[in-house]
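Presented sequentially are two complexes of chain A, the first with chain B as partner and the second with chain C.
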Partner chain A sequence: MSTLVDPGLAAAVGTHEEFDAAACMNCGVCTAVCPMGIEVLPRRLFRYVLLGMEEQVLQETESVYSCLLCKMCEVNCPAGVHIAENVRSLRHHLNRKVFGL
Partner chain B sequence: MPLPTGDVIGILADNLRLRKSVLPISTRNATRWARGLDLPHGGETVIYTGLMYQLIPYIEGLVKAETRLADSPLARLTPLGRRLNRVVNISAFMARPSAGMKALYDQVPINVARLLRQAGVEFGYLYKDDLYTGALAHDLGADEVVLEHARRVHGVLKKHGVKTAITLDPHTTNMLRSVYPKLLSDFDVQVKTYLEVLAEKEPIPRTALSGELVIHDSCVFSRYENIVDEPRTLLVATGMKIKEPEKSGRMTWCCGGPVESLYPDKAHANAQKRVEQLRAAGSEVVTMCPMCYVNLSGAAPEGVVFNDISHYLYRAFVA
Partner chain C sequence: MSGRRIGVYVCQCGGNISDHVSVEDVVAAVQEEPDVVVARTAMFTCSDATQQEIIKDIEEQKLDGIVVASCSPKLHTFTFREMSKRAGLNPYEYTQVNIREQCSWTHTDDKAGATEKAARLVRAGIARTRLTEPLEPIVVQTVPRVVVIGGGIAGLRAALGSAEIGLPVFLVEKGARLGGWVGEFDGMYPHGKNGRQLMNALVARVRRHPGIKVFLNAEVVEKSGSFGNYEVAIRVKRDSAETQAETVAETVRVQAGSVIVATGFDAYPVSDGEFGYGLEGVLTLPEFKRLVDAAAGPLEFDGRPVRSIVYIYCVGSRQPEGNQYCSRYCCTAAVHASLLVTARGAQSGGEEGRAAGGAVRPRAAGGPPRQYHLYRDIRSYGKYELLYNESREKGALYLRFPDDDPPVVERAAAAGAGGSGYRLTVTTRDLLTGGEELTIPADLVVLVTGMVPRENDELVKVLKLPVGNDGFFNEIHPKLRPVETVVDGVFICGACQSPKNSAEAVTSGLAAVTQSAAMLKRGFAELDPLIAVVDAEKCEWCGACLAACPYEAPRQVEVDGKAVAFIDKATCKGCGGCVPVCPTDAIDLQGYTDAQIRAMIAGLLQELTLCRA
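Presenting the complex of A and B:
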């Protein structure tokens, strides 16, 4: 029987020691304070990564690169997630996976 | 339609790998600001510009060219442009700023060098070896290229025996102070911004200034590097009154600049929102990052003035 959760994607993205998407408790503060009003970042996106839902991650490529890395979400995150570094890790993954860089 | 994301990142990363900067500029243009200042070559303490201020006129030129290209059928040729750019530096042809723009941004390192000198700080300059740090490529996740470049910059600093680098802008500061030590286990250069160096000196103004300034904090200074108090301490010492906008200090609102290379329209829309917040507090705004300056001033309506913090500090402590 196949499983819903595929840890392979999180392992591939999380080559950086600071990748800590699993610490996200999905409270939504990040989305509420985002200057860009990016709906999907970062909490739902992190969930896609943790669940191995790569297709959904790839559909959000523009959102991933639209993040300002301004850390407004990060300084307000009650779980202390390294959101900006996690987004950067995703970019590194997409650079290789999608753009062949 | 924005240009293809992967090709734009590819061009910027190729430039950093092949030409030591995401947007290469000549040594003459990078070091022009130092002419006549008689700064010693190298030394244990150096002013390190990381080319950020000098690069802005070229980045602006490139973004304008990108915007024109994105709206034309030529946008389809971007992948070909990336291949060509590996052989010929086409990004340099696309960005041709005016002499006036170059002089405007050169003025900041000139101001800073004179401020440091006035404060009694002894420092040198690396001239052609004052390299860009790779900040934009790091933001875009081009990690392999950034690591290679960080080794190159570290090698140059070691060659000159640099122990302390005095930086100007938030992005160069963050790369050298927080990113490089994670990438390079033996990176031990002490990094301080000129704002921190000057604030420690508690300078007394030669010419007291008057008036009110709205302060716009840089995200990278305030949230990455915890630099919030120093610019305020120095500006208050000039005699000017500081007005805090709706979002300030550690809760500052981004200028939009970080996405300008990929999505200029989104960057501009965000800058417009920030300008409205700043404008509600006053009509004269002080910035401390070249990216903030260029994005916010480009989105400002007539009557709202932007100046780099060095402009005020120079007038008060040196002029």
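Presenting the complex of A and C:
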């Protein structure tokens, strides 16, 4: 099943604080250093958001809340993506969307 | 016994040879050969210290022939010829024997066999050296004028460069105007400079220069003469004065010492249906660049604002069949064009209504178009990487598609993808998102097309230009002789040689200027005298040598009332193709005479006793 690309999701996620992960170059350092071993976070998850693949984002709600916000990934990110801020934005979005908060 | 005094030096090459060949046994086997005065081994014969020792031997032992048994002649022939010169010995009295590439490296499993083979090879080298004669390089006078073919950025810069160091130039352009590809575009990478303005300024300088004669609508149709002094025929088409439609051709003949070829490239011609080409909104990179250049403000296509652009990379490049090469310029050119689009900014369209299906969400009005780059590898090499970074930071999305599963471009359903009037959809897999299949709605699809060699069959024939498998012209050596061709005095530069961006084209154009000027400014050139010569007494002129020669070096002349062949010294390459076809055996190759070859064969085959001294 082909997913229709939706440029609006990133904007919707970023209504609270700006969601910005376009500089990500998919090197995978974030995945390698994650103490929680969260495989999908952040690089693939962020691409889901950027490409508007909402269904896939919702499936990963658990992962988003497993993040410790330790910023290990962020300090190691060679592209300077503000990963923790993006995770906060995502949680804000999921709070409304999934939990109705 | 020829009464020669020959020195033989067998190289160990620091183990490269001596690990698999007993160099002492080789010396022992040949030191008793007639005419051998000195025979010894050396750790590295090419080292300065050993060269000094050989020079001392030449002077003290009055050596008149040298044999060095070491590596390939490609590596050190010139090293030891120069060494001979320094010792006052004619450099053509030197023979190099290859016992590394053709012996030690190929027989690592058989030291005894390799040693015997090396001894035989060295003996053949000694046999040749017994029959060497001093030869003098062929000196040809050079005409200090240059023909430049092609009026694009490389050709114009080469013409101006040559003229500025005092070499008059004939600039030949096939089309009706100067300026080439770069003259057609506005902002271009590397520095965002306007190509049109850049080329207008360059063309004006070329036009003003008294040393440059420009021929438009012109082609080189003939090249005769020999190295250093070519006669080039240029056919110029002119609109006839009476009727505009009729064109008359006129042929101009000029004398020049060198020819610089800068005929450029063509854009990859996309076939109908290739990635949806032919559908409205599917453009090649040059077509897209013209659209971007023409836009005063935000990008529009067909009267409608452009909201979403999909770029498909490597169209016509890096194909499993067909064009296998990378076209090199296109990644950066596409990224640069997409940044120009971003800078053009907002389209005037307002809020997008949220479609019933919920596919497209509202977003702020006035943002630049969404840009999706579908690539295989982004090769924005060197400092162009910064453009790629900038593009990502400004929000462009890069999706990597699998090599064997390229994107599919289709016309969108009547209502438009997501119900918001997009013209096209592109379906692709994104390997960076786990190979998920995605459908991207688009107003424009840009096929990032590469470069193909320009059709130049006539010119290839006239100049005998070497063409590579990919159709681009070939240099002699990609690293060390990047603008010279196997045809002496004919140089190549710019994108006729390989895909290049404008900066690289200029670099190679100026390299061609330097190489050509180095030859022409000296006033003469020296050529290897290892060429074919005709014995006029034996020759009965039959033309067989002319038919066999790839360079048309032999011609018929009259000597004492008899028609015989004469081989032009500057044209002959010494390939030896004419020697065996001569029915009267009248041709010999200097430096590789029949007598020398026979002596070498005899030396190879003679009984050999290997005994350790």
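Some notes on this structure:
The rule we apply is simple: the second predicted complex is superposed on the first by the 94 of 101 C-alpha atoms of A that agree within 3 Å, B and C clash if a C-alpha of one lies under 4 Å from a C-alpha of the other, contacts with A are read in each partner's own complex, and residues count from 1 in each chain.
We adopt the following convention: a residue touches a chain if its C-beta (ideal position, glycine included) is under 8 Å from a C-beta of that chain, and two chains touch if they have at least 3 such contacts.
As the structure is a prediction and not an experimental result, all values here were calculated from the model.
In this overlay on chain A, chain B fits alongside chain C without clashing. Touch criterion met: A:23 reaches chain C, while chain B stays clear of it.
In the overlay built on the shared chain, the residue A:7 is in contact with chain C alone; chain B does not reach it.
Look at A:44: by the touch rule set out above, it reaches chain C but stays clear of chain B. Using the contact criterion defined above for the overlaid structures, shared-chain residue A:68 touches chain B, although it does not reach chain C. In the superposition on chain A, A:35 makes contact with chain B only, while chain C stays out of contact range.
Seen from the CA centre of chain A, the centres of chain B and chain C span an angle of about 130°, rounded to a multiple of 10. In the composite built from the two structures, the nearest CA pair linking chain B and chain C is 21 Å apart. For chain A in complex with chain B, the residues that touch the partner chain are 35-36, 61-62, 65-72, 74-75, 88-95, 98-101. By the touch rule above, chain B contacts chain A in their complex via residues 5-7, 9-10, 13, 138-143, 219, 223-224, 250-251, 253-254, 256, 258-259, 262-263, 266, 270, 273. On the side of chain C, the complex with chain A involves touching residues 308, 359-364, 370, 372, 389, 392-397, 399, 417-418, 427, 430, 432-434, 436-441. Residues 1-9, 11-12, 22-26, 43-44, 47-48, 50-53, 56, 79 of chain A touch chain C in their complex.
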